[in-house]
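What follows is a pair of complexes built around chain A, which joins chain B in one and chain C in the other.
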Partner chain A sequence: MDKIVDVEICTGTTCFVMGAGHLMSLAEELPERLKGSVSIRFARCLGVCSVPDNGRPPFATVNGALIENASVENLVAACDLLLSGEKGMNYETV
Partner chain B sequence: MENLFKEVEVYQVRKASELACGDVFLSNRDPLTDRLVSVLSDGLGSGVKANVLAAMTAQMALKFTLSELDMERSAEIMMNALPICAVRKIGYATYTIVDCQGHRSIRIVEQGSPRFIYIRQGRVIDLPFEELGSRQRDYRTVRITTCVPQPEDRIIFFSDGITESGMGTPNYRLGWRHSGVVHFVQSLLSDDPEISARTLVRRIVREALNKEPSRRAGDDTTCAAVYVRRPRRTLVLSGPPYDSSRDREVAGLLAEFDGRTAVCGGTSAEIVSRELGRPLHTPILRGRSTLPPVSRMEGVDLVTEGILTLTEVLRRLDHGDSSPTANAATQLVDLLLESDVIELVVGTRINDAHQDPNLPVDLEIRRNLMKRIKRVLEEKYLKEVNIRYI
Partner chain C sequence: MKQYDNQANRIRKEVLVRVARAFFSEELRAIDRIPIDMRPRSGESSRCCVYKDREVLKYRAMAALGFGVEDETDELTSLHEYYEKAQQRTCVKDIGLTVIDIACHACQKSRYVITDTCRGCLGRACQTNCPKDAIEIVNGRAVIDSGKCVDCGLCMKACPYNAVVRSPVPCEEICPVNAVSKDETGREIIDQEKCISCGQCTRACPFAAIQERSQMIDVLGRLKEDRPVVAMLAPSVIGQFPGNLEQIITALRRLGFDAVEEVATGADETARREAAEWKERIESGDAFMTTSCCPAYVEAVRKHIPEIGKFVSHTPSPMAISAGFVRETSPDAVTVFIGPCMAKRVEALQSSDVDYVLTFEELGAMLIAAGIDVQECEAAVIDEPAEAAGRGFAVSGGVTGAIQTQFADQENNLQPVGFDGLDKKALLQLKMAATRGCGGNFVEVMCCEGGCMSGPGVLSNPKTAARQLNALLKDS
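And then the complex of A and B:
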């Protein structure tokens, strides 16, 4: 398996206040099966926090798909989903 | 003569077994006459008693020096006022006074303390001095050294905790000694000729502790330094300008600034990046963090998030540095404390995101935060700070 999933974590003020600090350790908390298949980047404000319709911060994107209320768990789940090749992710793309 | 700035810094570690430090450092700066007087006194013994002796001595030395009484006379009065210990026949407290009078002259008065180190053009130099004996017919003498400072001169003075560190250990039977300190200072200066007084005193104390068994201070260990230099300038930009038509002007301000620069705030960083065409990059950190990470941009010394980082900076400035963990706030604090003249440029555009009433914290308004940072830098750290709203 050589697919790589690209995760971008917002570290802007709003996302940070709402818990993005915990996401910054994602690299260390990835389960073994995902190590080497996930590339993590930090972003400054993704610009989605000012629109209430986008949901709750913190925000992250996984292969460009926006994840609201991001947590280590739902980011891992999203990566698993993408790497297993399943469709059905219902996230809008930013 | 050009305007020279005198940076004065001290760092100390008390004897590991004591609760009070027996070395006392006092400093007084008069902005009107540009006179700076610093005193370091080391009280006999250690702990509370030493602390009281040193505090009395330092207070007296400072008062006498600031009074218009001439130096020789006040040195004599002090020597006579401070008795010698009846049992051990040694003075109750030693002291060093460094009196910088404008840019004209520096006078250094020493009684019993290790000889100060004078640096000119990156080298340790010896200065001629005068010696006065005590009227009490004991061994005590006061040394008075006078010189005319040049830009980049430094005076480093310390308690004997520095020179005697490591004493009795196999490598330093006689302690680190004055010559060891001189050697170390020379090597620090050749690595970094512009090292700030703040960094210098910390490095010297740390090196002294390295000589001690398990790095526990065997005596009160204090190092102070005065660094005469051209003022260092720093510009801190935080917040986008009220009117976005001024984005370019703000970026230009930063690009052309003669000194170090910092940008605190995601939006302001994006603006500067866009206007100057310099990409922003946020390196990955390991582990959780209590603050958003630092970003990098060519030509800017520090790029951080805004409100949270500035709140933490204010807290640290208020309480003095405490935790050694490096993050965006500690880096900004270092930058600010290594500067003499600080320009705060505060953007006043309202950031929609922070108006969200659902946020669990009360985000202080940037303007208010910057005002408080200005105040603490001026009052507690004696910095010259200008604030500008755009």
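And then the complex of A and C:
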């Protein structure tokens, strides 16, 4: 029962300029342990960038949960957490 | 390949966006609030306290308005006063990078350090190998006496526990021409006599303490005036924004540009002229010719390897040719080059045809502030699309490819060599090439490894951008 985590990266102009442009290659940058268990999609403006309370762009969602200031690191951490219930650091030993 | 995305760089971009927003809202006071809004008292700080962060942010905002730390004569001058001054500027004079000193004090001089991994062993390979007797054993652990150390690194190689590390200063490390160094107080200074404006240091500093003086406010001001403003988009624009080239053109028009030119068209002309020039030079007995489209390389030749000067092509760069076209057809237009490059600012300053230079980052900030989403823009019709060869100038090997295309159906003895990225070693090799040759007769030099798609002002991962470019070239 392989779980798949669904990552959606916003590529609206705000998110793209603020850093999502560097996340376009996320699939290649995933650590081995996550390859095959993460599905990555790119979205038009998620509509959250206009509300300052949502945090800083770029935005992404991981299984629907909003991540602000998205980076390879925090997306990987979120995937690890969902897949194993553990933080990335401990995953290997689980 | 380098990637320029980190939190420090995101903060720098956020400041640009906020400055552009203040411009559009015409809320002068909003500009003074930038440091406070970004670092509210209740929030987290990245340095010792929010107050220091705010001070740094003020200097970042100044740089976004085109002013360096050096321009500060009175610390009380507020951001809106700088903004007003920026509004009065009619042309660009100063393009030197500015070091935000209070953001920069953190790095110690680059040095070798003995870490906790040291076992204080019996062998003492570090001590035995140190030629300067700089290693002592204190409390059972090796310690380097920085007064004696000459940075040779022999101890690091010798230690069987890998206990010695080198702790570099990132900006000094990356600068190809040793233009960055510490002054007596420990802050970095840039020697303008040496600097080739490649911009690598601005992206290498993990504190983003080195900033360019932005021309964004100047361009925004021109867009509001009556004179026509023409955007000249560098070939490396592909992959820098969501949407396609046609949509980016529409986005620029919405920002207020009256016309948008593809500099790739200028690149096609550069390729034609450069091929002819190369043929002529080789036939007249020259050993080789190097490209001239990368202004950081041209600056490096002028300031550091003059011996190779006579081998550099005289053909104008794609930017210069495109700007020439624009001047011919609309002599009173304001010309704005938009690309990934900081060195183009130097080239523009020397040319009467290019008025302003923006990076993709600055354009991105303007689009965000104006609320323009590229993917929502309809596709413009490009009347005279550039050829694949010209569009290919964006990546290393592109110029060579374009020259090869010129000779495709001719007998030729083109032997291309490429310098993909200008570092200290490449500079030395080029220096030697002046007397000993370099194993080829057409030499392409790109200061940024990977070509302009890895330039300091890009917004995308160079790998994905290059893939998009390849897809476009197939149907150019």
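One rule holds for everything that comes next: the second predicted complex is superposed on the first by the 83 of 94 C-alpha atoms of A that agree within 3 Å, B and C clash if a C-alpha of one lies under 4 Å from a C-alpha of the other, contacts with A are read in each partner's own complex, and residues count from 1 in each chain.
In the analysis below, a contact is a pair of C-beta atoms (placed from the backbone, for glycine too) under 8 Å apart; a residue touches a chain by one contact, two chains touch by 3 or more.
Being a predicted model, the structure only gives us computed values, none of them experimental.
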item: Clash or fit, chain B versus chain C on superposed chain A; value: clash
item: Contacts of A:Lys3 with chain B and chain C, given as first, second, both or neither; value: neither
item: Touching partner for A:Arg33 - first (chain B), second (chain C), both, neither; value: neither
item: Partner chain in contact with A:Cys45 - chain B first, chain C second, else both or neither; value: both
item: Chain B versus chain C as contact partner of A:Ser71, first or second or both or neither; value: second
item: Stretch of chain C penetrating chain B in the combined three-chain arrangement, among 255-263, 291-299, 309-317 or 345-353; value: 255-263
item: Residues of chain A that lie at the interface with chain B and also at the interface with chain C; value: 11-14, 16-18, 21-22, 24-25, 28, 44-45
item: In the complex with chain A, residue positions of chain B that touch it; value: 266-267, 269-270, 280, 282-293, 295, 305-308, 352-354, 356, 359-361, 363
item: Residues on chain A engaged by chain C in the complex (per definition of touch); value: 11-14, 16-19, 21-25, 28, 44-45, 56, 69, 71
item: Touching residues on chain C, where the partner in the complex is chain A; value: 3-5, 7, 10, 13-14, 17, 239-242, 251, 361, 364-365, 367-368, 372-375, 458-461, 463-464
item: Contacting residues of chain A [partner chain B, same complex]; value: 11-14, 16-18, 20-22, 24-25, 27-28, 40-45, 49-50
